[in-house]
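Sharing a structure, written as structure tokens. Questions coming.
Per-chain residue numbering starts at 1, and chain names A, B, C, D and E are given in the order in which the chains are listed.
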Amino acid sequence: MLDYMQFVLAPQMLNGFAFGIAIVLMALGLTIIFGLLDVINMSHGEFFAIGAYAGVVLLASGVNFWVAVALVPLLMLPVGVLTERLLVRQVFDSADRHTLTLLLTLGLSMIFYDGLKMVFGPNPLRPDNPIPGGIEVAGVFLPAYRMFLIFLGAAIIAAVWAIIYKTSLGAMIRAAAFDRNMASSLGVPVSAVYSATFAFGTALAGLAGILLAPIFSVFPTMGHEFIVIAFTVVIVGGMGSIKGAVLAGLLLTQVQAIASLIISPVWTDPILFGIMVLVLMFRPQGLFGRLGHG
Amino acid sequence: MSSADDIVLETRGLSVNFGGLRAVDNVDIAVRRGGITSIIGPNGAGKSTFYNLVTGAIRPTAGKVFLEGREITGTPTHKLSAMGLSRSFQITNLFPQSTVFENLRLAAHALEPWSLSLLPVGRAKRAEAKAEALVERFGLGSKATEMAGHLSHGEQRRLEIAVALACDPKILILDEPTQGMSHTDTEEASRMVRDLSKEITIVLIEHDIDIVMDLSHTVVVLAQGRKLAEGPPAAVRANKDVQTAYFGAH
Amino acid sequence: MLEIRDLHSHYGFSHVLQGVNLTLRPGECVGLFGRNGVGKTTTMRAIAGWIKQISGSITYNGQEIGGLASNAICRLGIGFVPEDRRIFPGLTVEENLKLGLMQTAGRSGAQEAAALERAYDLFPRLKQRYRQMGTTLSGGEQQMLAIARVLVGDQKLLLIDEPTEGLAPQIVDEIFAIMRKLKSEGHAILLVEQNVKRALDITDRICAMERGRIILEGDGNSQADRDALMKAIAV
Amino acid sequence: QDIKVGALPPFTGPFASIGQVIKVALDMRAAEINAAGGIMGRKVVLVYEDGESNPATATQRAEKLFQVDKVDFLTGTVHSGLTLAVGQVAERNNRLLATTVSFSNAITGDRCSPNVFRVNPSAGMQASALALWAADFKKGAKVYYLGPDYEMGRSTIAEFKKEAEKLGATTAGEVYAPLGAKDYSQFFGQMRAARPDVLYMSTGGTDSVRLLSQLKEYGLTNMKLIGNSAAVTSDNLDAMGNAAEGFITSGNYSTLIDTPANKVFAEKFKAAAKIEANLYAADTYTVLDFYKAAVEKAGSVDADKVRAAMRGLAWDGVAGKKVMRAGDHQAIQDMYALELKGKTYHPLAKVDGEKAAGPDLCTKW
Amino acid sequence: MADDGSVTTSAPRSAGATAAVRAYAQERIEWRALNIASIVFFAGAVAFGVAYGLKGDTFYLRLATEALIFGAVALSVDILLGFAGLLSLGQALYFGLGAYAGALVLKQVSESFWLVMGVSILVGVLSGLIGGLIAIRARGVYFALITYGLAQIVAKVIYNTRELGASDGITGIPIVNVSFGFWQTKADNPAGFFFVVLAVIAIIYLGLLYLSGTPFGRALSGVRINENRMPFLGYRPDRLKLAAFVLASTIASIAGGLYPMLRGFVSPELMYFDASTNAIVATMIGGTGTLIGPLYGSVILVFLKSMIGTITTHQIMVIGALFMIVVIFFPRGLLGYLREIVVARSRTKDGGGP
């Protein structure tokens, strides 16, 4: 029994945790863009993929991994700004802009996906693990890179949360999200705030892309493969809630880890979905409501 | 006069908490059939919250609500409308992308039996006649085919009342109906409310004290969630507490 | 200070403003009156830059502001209290209020704190509720917040649309007192108000509006003009 | 008049990389055949449509190929379900289809069709060939199974397990991860605890990349890795770095199989496709030879005549002789256990094709 | 109140006409454009069927049949989106369930067209009830994502179920004989089956057209526009949404039932996200809330996809671009614009608003 706890359950939960942080990192950009701009960004997965491919290209051209980690989010900023200015903004005044932006970004994701495949080919790529090896604690093996991810991820999440809830910049962003005209009349440069927010969400996706590339590999369909779980996390947590995304991300990956152990991995997806349905039944707005509602 | 049959709407010990704030605190009110009962009070006294409790939009922390002697605490909103309780909203709450006429027809249709809802519109004459009458009665004739969302604020306020009326209520709760209406419109609106009160019981929340004093047979004063005074307008007006809490140096 | 010439605006098929002409001088309070739906709010929104489909000219201190973004207009010193309050739902009362500080750039932290303090003094109720979410305030409280939010800025021209709507008499008194004080401090005010009688106490000039035009302009202190106004808007 | 051959490879979707290989191989062989005078003096013209790995789209496009383009023969399908659905379209249009990649047993088993042929080895053939090797590798080896949780992943494991246990292997554990699983580390705890000698994997594509690189990340390197032929191929090999070194599978092809045809083919393919030739390339390349031989034998492109000619037809594949079994339309060929060294599969042992194929289970004709 | 509120407006009231009469007149104008479009559609379809039938064509007739079948799925998307304001990202689920039900009936019970129709209606109603009870609790985008998840999960389960052919799907579905008593045809008769499907779609279309004018249809619009106010009028928005959901799933399921007759197989891919998005694209191209629009959209999309598949392997990119072009430049869709033009014309004739 103790053996089981030590060699099976504990590593399982730890792995679940590392994976959870990874997913939260991805969900973070998604939830911010929704919470602040009211846009379901279906191309978020492709932004994630673009980040990963950008990383692969940088590494292949001899850039150091850590430099690439710093560069990729910066490279993603213009992608985000352009997407917001050229596309999302076009339908922003429409009454059903929820639907329209969803469909718009869906279309964009198709183009990005196909474009990535055209440029990089359909085969998977993978950058080398920058910190191979690991440490063994009480018979449990902890890969170094995953430990690093846990800490970096947690730091990023905390920083994002603080910016949005604890700074006046955050209040400005949230105000612009709720009422464009009024915020603008109070002097908030709404148009710039929107672009910046979208770009920020995009940069987060790209960052997640390169950070996860050594573990999960890089391939054209990676975007929509990861987006499903990211959406589940965001829905359960409450669209637009950072707290919710973190909690749901960690919770769901733990459930997944443990369910795959004691039931069967086959059932993990239906179980996650079942949780999503249950949460929505009792709290249609997710565990936590929209950004800003606490 | 005070026989139980005469009480249309009654609350007993109605209370609700928002976090630490007791927004409505142990309120007992009995609304008699016919005429107008007004609820007044300073801003944030809990008037709208009281309405929300009565109409089922919020669940009370404690206390009960009765409609014609039947307990309706916690009854879903749609059933309350079927039972004859209708309300207008302080903050306009219409169907902005529908025409004015459609807003009214939709409201008028609601109480038709379900079986009728699959028959095409041409046959549901009753609802239509009602919508038609309301359009005229509220002076929205020239706007009947406009989108409700395109009306000016004051026009929307008028439509708001009309929609609430279209449900054929026995008791109509109006939340600041004249808010945002121009002076002449306000006068007309109050005339109209008086006319209405001949057919149905009206509960009115209003800050325009002249209207309140003029129309109501009973005035209830709320302050800080509690009932401060209740009685005929003149008596309430003379009440010292009410004067300090509400009227100020007017 | 503010000069509107032949302003037209359309909402889809409807031609709402049909040539508005209006002038506002520094430190002056102009009342804009009229029945529902004549275009008072639309005029205000056009000045504040909320409506883009306009023609004609709006100049502020000689600068054309028609077509500018709302935040640019705000930065020129125009503050706007819209008729439907527009409190930000996800922000606390205090956050709502602090956002108003953005209207005026370049103030020191201490000046901003003083501005907040003054707003709280004007509306102690807001101070009690400062951590509550903005839209859970009662209707009247929201109105106070909407006004206070603009007052924490240092705007020279204030557009105020039906500020006393939904307020208890006591508060209405306070609001008028505040507007009078603002005027004495040198703020220009464009006021839309249904409570014409009370509004006349503070207006220097009065305009009656009908069908998208200003049909009458007069001196706020002349009884004859007041009578004409009452007649014009009480059709 | 030209002979039109239709092809429905997936250019989009999860199998897009295989689609690319198919196109290169077909183009290459068609050009060679045409240069050598075509089939019965007629030029071979390839007509491509994207099969998209979606049977619904593919059936519609197959109809187009048959009805509008009037192709005489169809190939290039990958996804097994798609092959089955398109096979039915072929049947209804009375045209012939040969697959070179789909390995679901059903295609030549309980869902065999008189109009459908398979040039490549079935899943069953691969499993039994590998099991024969595993029995020699270590007597009573403890095998841990890991596969994607869907029909193919499970049946491939079941197939192998059946054969391996017959030959004395034992099962240390068995786990099915969702298809497209992101993180396999969650299975490593149990796997480590079970201490297997051999890990059999039936993953494919990027799943294999993640599985193998994560195994390495967690230092789980002290067991022999084996798996089905789609697990590690030249498509996904690059992404694995050296994590797949020593991986063993079974198949009918390796660039090192020593036939004169293979030498030429392997080099030429690599030059054209920029990746090393793999089993898909070899089998697709050879399908045109199969068709050519049949048409020439039948003296016509008429489906019924060609079918009759195909049954029992023996021809030279890239890596050896193939015989189309008349009873179930499955090509019989020698199988090898193959070990990955560097980027190349090295043949370890040869397994007799007839033995690997097992009995003919088709009862349709 | 003043009997004439026209202080606020300069528009003269049409002499004597009551508000109801004018409201109707305006609605009629809005629908007139659509009704003409639907007559053109069905007349065109019949002409096409006759012409190509006489020509003895197979491919195009069968492609058109497929376009009609997918058109019904798009119609079901339109019921939810255009009427109740619910964006379903998983409408293919119900199509797929109908298809599987049809396939199983044909293969294992009886080769009866009518039985398949009956069973697919039943399956549509039941699955719609279950799916609806789950999904309608969520609002707005949550609804969209729930329907998406629901379809993903069920498709995955089917993908894993050996009894349903798992990833290989079900093949070998017999060719049915469709008999209307006075006329009969077989599913592999391209023209004959085209007309069968056309008839089914026409019936569905007319039914929906009728519904759109009933109080039920109007109440659905009320839900779309302001769901929160509905209970205060005495409506139950959840019931209305559920009814719309079941209606939509039933129509998708009927379309599903027709599919295996046409193509002879079913596979899990029928329920995939791609299939759902195609239905949405078709709806958007044609115009949401127009009913006939989705049918136009579906025909355009199916033929376009068939063509670009031959020209380029980057169809995904083309479809994606099409998506974006439609959303940005024609968010109301083909027929949405047609309607708008007609309405604008009639407005200028009447003199317009204030």
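As a working rule, contacts are C-beta pairs under 8 Å (C-beta built on N, C-alpha and C of every residue); 3 or more make two chains touch, one makes a residue touch a chain.
Please read these numbers as outputs of a predicted model, since none were measured by experiment.
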Interchain contact steps from subunit B to subunit D (minimum; 1 if touching): 2
Label of the chain whose CA centroid is most distant from the centroid of subunit B: D
Distance from subunit E to subunit B - Cα centre to Cα centre, in angstrom: 41
Subunit A and subunit D: spacing of chain centres that average the CA atoms, whole Å: 37
Whole-Å gap between the CA centroids of subunit C and subunit D: 75
Touching two or more other chains - residue numbers and ranges from subunit A: 114, 266, 269
Junction residues of subunit C, two or more chains touched: 14, 35-38, 235
Multi-chain contact sites of subunit E, meaning residues that touch two or more partners: 8-9, 160, 316, 353
Of subunit E, residues touching subunit B in the complex: 1-6, 8-9, 11, 13, 18-20, 22-23, 26, 210-211, 213-216, 218-219, 221-222, 225-226, 228-236, 353
Subunit B-touching residues of subunit C, taken from the complex the two chains share: 11-12, 14, 34-38, 41, 83-84, 125, 136-141, 143-144, 162, 165-173, 194-196, 233-235
Touching residues (chain side subunit A, partner subunit E) in the complex: 34, 40, 87, 90-91, 94, 96, 98-100, 102-104, 106-111, 113-115, 118, 228, 231-232, 235, 239, 266, 269-270, 273, 276-277, 280-281, 284-286
Residues of subunit B defined as touching subunit E within the complex: 55, 76-78, 81-82, 86-87, 93-102, 105-107, 109-112, 116-121, 124, 127-128, 131-132, 135-146, 150, 152, 155, 158, 163-164, 166-167, 185, 188-189, 192
Contact footprint of subunit A on subunit C as seen in their complex: 48-50, 69-71, 73-75, 79-80, 82, 86, 88-91, 95-96, 98-100, 102-105, 133, 149-150, 153
